[in-house]
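As structure tokens, here come the structures.
Here chain A shows up in two complexes: once beside chain B, once beside chain C.
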Partner chain A sequence: MFFNKKLFLPKINLPSMDKDLIPATRELMSAEFKKRLQDSADILESEIGISGITLFSISTLIDKTMLHQDIIDPIKNKSFDSVQKIKEDLSIGEMEESTQMEKVVNSALDGNVIIYLEGNSSVLLVKIPSQVGRSVTFAQNESLVIGPQMAFTESLKTNLTLIRNYIKDISLCIEEIKVGARTNKTVSLIYINGIVSEQMVGTLRKRIQELKIDGILDSSMLEQLLSENSLSIFPQTALTERPDRVSDSLLKGKLAIFVDGSSLAIVCPQSFMEFFHSMEDSNVNWQIATFLRLLRFTALFLSVFFTSIYVAALTFHYEIIPQTLLFTLSESRAKVPFPPLIEALLLEFIIELLREAGARLPVKVGQTMGIVGGIVIGTAAVQAGFTSNILIIIISLGALSSFVTPSYTMGNVIRILRFPLIILAGFWGFYGIMYGFCFLLLHLLRQTSLGTPYLAPFYPPRLADWKDSIIRLPLSFTNKRPNQTRAEDVYKYDPVKAKKHK
Partner chain B sequence: MRKKGWLWCGFLSFLLLCGCAEPKVIEEIGLITASGYDPGKNGTILGTLVELKIDPVATNDVVILETESSTIRGIRNAANKKTSKGLASGQLRVILYGEGMFNKGNTGIAESLSTDPVISDLTYLAMADGKARDILQLKAKQIPDIGIHLYNLINQNTKVKIMPSATLQEVLHNHFTVGKDPVLPILKKEGNKEIAFSGVAIFKGSNLVGKISTEQSFYLTLLTDKFKSGSIDIEINSDSSKLEPINRRLNKIVASLDSIGSSSDIKLINKEKVEFDLNVNLTARLLEITSQISLGNPENIKLIEKEINKSMKKEIEKLIAYFQSKESDVVGLGEVYKSSVRHSKLTDEKWYKMLKEAKVNVNLDFTIRRTGLIE
Partner chain C sequence: MKVQYQPQPQNSLNTFILFFIIHSIQVGIGVQGFQRIIFFEAKQDAWISVVLAGIFTHLVVMVMIKTLQLYGPADIYGIHDEVYGKWIGKFVNSIYIIYCLWVFMTILMNYIEVMQTWVFQTVPTWLFSASILLLVIYGVTGGIRVIVGACFFSVILSVWMLGLIGYPFRFLDYSHLLPVMESNITSILKGTYKMTLTIIGFEILYVIYPFLKEKGKVTKFAHLGIAGTNVLYLLLMLLTIVYFSPGQLENTIWATLSLFKVIKLPFIERTEYVAVSFWLLIILPNLMLYLWSAHQGVKRTFKLKSNGLVWFFSLIIFLGSLFIDTRIKINQFNDFFASIAFYLTFCYPFLLYILALIKKKMTTLKEK
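Right, the complex of A and B next:
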């Protein structure tokens, strides 16, 4: 609308095809290898043994112990006349022969050692990547009381292992797509064939393949690139660090995307309601799960509307204040020098400051923030006549409610939404709040997640799915997969058979 | 183009919103919690307003303002001159009319209030026995805020149905309906420190035509409403030898009833010569009776039931005869007539004539559920 689209032309010099063969001599090979990798300092070239075997690799990407024990050791005292012979002597799982220089260089970037034997038109690629990264740890952002405690790590392989451990199914599909002209990230698209809608897989695969970008570093970035309406404040796909959550979504017929080097998985399609579901809901009794979900939805409304209702009631609609509250409210307001709008905005601002400071500060300092915030806001501000103490209760209730949301991305949105609503309430009272509410509702109604309606199952109404939305009925009631995923295999289990075996 | 449409819609609706709200910040206004109206000099209205004015420094938060004006709205404007905070009537809970307001056939008061959107439809209306001003001016230690006190008094008594419910909405509805007339509870200042519910004012249209006592108010509620709980002392006029007074001092028999449950049903049985059947079902728990009769005997219970039935029926008949003589239809017989007869084209004048000649058969079915509980 506002900007003219500029044609994007990648400025990478692609080597021509005729140069793509393996050079015949060691010197040529060495020169070519170095040239293609910009004569990088970490290129390792070593000649071993008597038969002129040379190893090329990028030393920072390979496992040195394996290099010494499993490659150099078995071949250093022998003589070979062909690459195939070397292959027989090595005891490493991932080995490959290649005749193309392009592939050789790229595999070096993946952690391969190139075994070059002069006079051979092919080289041997042996994969011994270095293991950098942390081990599987506790879930930090989406912690549960009851349920598995594992979280994804930055290693794509580990993450896929975790998923494979949860779903030991032959129809679990893992597709690999490379994204980013420069970062060349491996992006894995995961789904269960037979459950998932083929159309959705096609759409998502195409969307990922068509990305024209120099690099993505994390899945959260990919998520933004994949979303249908990038101007919307609401996240349209879920980001999760929990393998059980991803597995649960896969079983519902959803798709998951992993990015190498990212500890978050993207799950889609995702409806608005599902952002308020926690994995704990499935792990506890349905009555408790229903209570928790109702609690979260109440918290959502409290968090978004409570402060603005306070501002509107005190600025415009004194009629609606209950008679019993009238006295306490106006007495605490009487000392405050600001109008309710400024008072509320100020306090919301302080709370946001505290939250942001708490998130950025080191853990040890962060704890003191709570004390500072508690004393400064809780007591001093009221005594100084800065704010009324009822507003403090309301604001802290709203802040607390916004942290109840299991999804961090959605929690952020809820906190931000309060500000425009407070301003609307301060200028136009309840009319303003209604205006804001209608705007939000219309906006939410228009959103889609991977082509499915965002407000499902409420709009369009899909009564069968109400059983597992803001309430959760027992597992025996919910034998169908959600309509939203358009699963090809609709039933989780045969309802008739299940009744018989009850 | 579509995007621009959106922008315009948003912009225009924002502009339209700008006219909507008029800021009234709570600490900058004086809240009127109760108001009273009496006839003033030369046909003006003497208004008494109870203002809740919150000031953390002041010891007394309630201010009583008195002004005279020709109109109800004018009272607020005149009172504004005397206060430091602008008066607002959105928290008005009780409106009290002095008896004098109705004596001169003053009408249209409730109507003028109902056109003010900030005044709640659930505001209680009441009539003062004497001057409204005297009640609102009452100064007593146990009543720090007369407005809240009156509201709680009326609210509490209306909920347990000792008082007939007279909110602004109900009074206006009964006033404008053909075939039903409003009632107002009467509040009376007792001594220098107390205010009490002392009776019910009966209206014909908007004219005060009669009063009934608080005891009779029970029967009126029996006819127009349903009891789910409540208690009453009822006097039994009986010549049965079994029911003798317990002592000589109190020379009458009084039964104390509790957990009253009732339902009533009015039916038109003759359209030409207007005749109504009034069926009332009443159940209650007998707690106490000032007689030496043994309550363990089922026959005695039957007897008491019969006697209470008789006395109550007599009271109801007396009450209806009183309403008919005053041409006031607070029970709502006219509404029943109107809904039973097609194309009746009932007007107030027509109905008041018919009401005088109407025959009402009262059928009361009273049963005692049980006789008290032993601790």
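Right, the complex of A and C next:
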């Protein structure tokens, strides 16, 4: 609260607001253009042809081949007396006339070439942006076995093309908002009109427009800025690199946000349960999908609580362990000099180190990590009597389970949650674990995502949505859109007609 | 102050959630060991006391709903103000607020005692009360939706315990129940009276009523919630009587927890350790609802509206918890509280209903 009141004031000497006109002579125009762009070294100014046409552009932002073939070639040998005439001779799709200097300079930053003809009050802006970037590749972080393999790229245009290819609907809306006083990024807000709740679009649009920041570089940054409770560890919107996932969300009545230059889309509103859904769940049979989801939820429980239960049981509650199991446990712990809390924290720390190192290492040295982690630390630690075998099993089970979560952001959260729980268990045993659990429950109950409850559909209970939550029933059962999105068009398809066609 | 109270639309609740609210607030600390107290009075007919108490509760709730329906979406604070007038109304409201905090205190103290007896003998009371109070504050400041959410999850997530309770079934001796009706009516009724501490909680209806969306369904779900609790209590009572021998039961303070003791699974024994810790989730909604209704009372009566109040109440309870630290003191505290609670929750609703009826009649006569 205290921090929010300090409003951010951009200390940028933006070009003066008087939208002055295009200078009358070539020299003046050149001077003005250079002045506004701080006399940058990559300004390209070239006079061509016989009628004194001058091209202004920023050479690093335009496509040179197009400049030569499509602009200079057709006009170099002709004489013109007005800008309109030039326009007729060019074969380029995106062209525009302008009389305002400010717009001219801004469009130069967007990859336009400015065609200036002395004596005219307007100039011609021709868009030939340079194509930098990679082509569409496989999804790396959210890979599927069954399903489309494409992932978004850093180009906003490509990403929108991918979405348009999935949803060929006239009511697909794409809004553009510029964000960042310095970076001036294009942020696209996408939704399907008629399905999405108007109120949510309004809220989100307002939230993006009200952002006061010098620049955002990636959608993951925007995601943090848009979240309702920035103090919470839980992500309140989803980040995804899969076009099919975004399309699926749009069809459910959600909103998606793209940032130019980012290969991740933001999807909201998102509930806690949905972080454990994978696109593969809709691509496989419902029995298999249900099994996979139950597996993931079991993994969630294991990875958050298993180590802390071990610590609590061994520190305070020996009595709950059955005799036969206790024998094995005490045998494996006989040589360990540390209390269970230290032992568990140590090993968890090592696992986190391994994971972080694995993520940062170049791929070529990645194999070394496996050897170091598996053999050196795993085997040697036990033989040296640092940890017990059983704890190694428990902790690696927990680590493995945390990687089952389809969402990377949520996987991180789950891994971090273990540490406070282990400490609580080390201090207060089962009471500590329960305390942590109750706190988490209350915390999750307090969160919202774009004004919708985070724990939907479990609380507030919407029994109809339970069909596609922890389990997934056949697609023909789920003819309604989730209540959480407050979709204006509730039905995905007509339930009566569907029954007839059975 | 207006009798009617209209909460903000984002705070209104679906009526069926009332089932979870009432069930979760009734089942709390009392269920851990109510069997012995009633067994002292009614012997093997204790289950009849439980049934009677249940029936009586249904009756009281019926009257409560009737009272609330007299004024539309009203709560007890508004009705007090209307019935008794401005100043006496404020006084009675204050008593009710103190009562809510008192229940809070009783639940907290009893839980801490159980924790100290069963799991952590050496951990001081203040550590438990401070930690639990912080949790409660975090929930209550989140608003009614968070509290009710906790009620919902508390009921849903404790269902597994019911499954474990079935474990002692193989050791039952049904002859413990016989002969039926050996105790006289007075002892059975005394047993019913002793159920007070275990069965109270449904008076939350007085405060939560305006928050429910469909008022027509309130009767149904309120009675369903109470019926759920009654069935659970009856089941536990019967199970306890047939499982323990009379002499054993008289020496078992927390019979329900002792039932957990016999459970033996391949990977876990002595489940009562887990159960006692898990009880935190069961008492959490109780504590939050009582603190919330006290907060709501101050908000309505004295027009104070701040989260500082929640902290203030918690501080008082924390300081209070420091003084009640021995078994004897807790027992005295419980007994004293039970007698007050009996009059306030079981007798008072009838009085309030009659008073409200008279008042209503008088105002309509005046208008004519």
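Rule of thumb we're sticking to: the second predicted complex is superposed on the first by the 490 of 502 C-alpha atoms of A that agree within 3 Å, B and C clash if a C-alpha of one lies under 4 Å from a C-alpha of the other, contacts with A are read in each partner's own complex, and residues count from 1 in each chain.
The rule is simple: a contact is a pair of C-beta atoms (placed from the backbone, for glycine too) under 8 Å apart; a residue touches a chain by one contact, two chains touch by 3 or more.
All values reported here derive from a predicted model rather than from experimental measurement.
When the two complexes are overlaid on chain A, chain B and chain C occupy overlapping space and clash.
Judged by the touch definition given at the top, the superposed model places A:441 against chain C, while chain B stays out of reach. Judged by the touch definition given at the top, the superposed model places A:334 against chain B, while chain C stays out of reach.
Applying the stated contact rule after C-alpha superposition, one finds that A:325 touches chain C and leaves chain B untouched.
By the touch criterion defined above, A:429 lies against chain B and chain C together after alignment on the C-alpha atoms of chain A.
Contact with chain C, but none with chain B, is seen for A:459 once the two complexes are overlaid on the shared chain. In the superposition on chain A, A:265 makes contact with neither chain B nor chain C. By the touch criterion defined above, A:316 reaches both chain B and chain C.
Of the residues of chain A, those at positions 316-317, 319, 321, 428-431, 435, 439 touch chain B in one of the two structures and chain C in the other. On chain A, the positions that touch chain C within their shared complex are 316-317, 319-322, 325, 428-431, 433-435, 437-439, 441-443, 445-446, 453, 455, 458-461. Against chain B, the residues of chain A that register as touching in their complex are 1, 314-319, 321, 323, 326-327, 329-331, 333-336, 339-340, 427-432, 435, 439.
Those residues of chain B that touch chain A in the complex are listed here as 3, 10, 13-14, 17-18, 20-27, 29, 31, 33, 52, 54-56, 61, 88, 90-91, 93, 118, 120, 148, 151. Those residues of chain C that touch chain A in the shared complex are 14, 17, 115, 119-120, 123, 131, 135, 138-139, 142, 145-146, 149-150, 152-153, 264-271, 273-274, 276-278, 280-281, 284.
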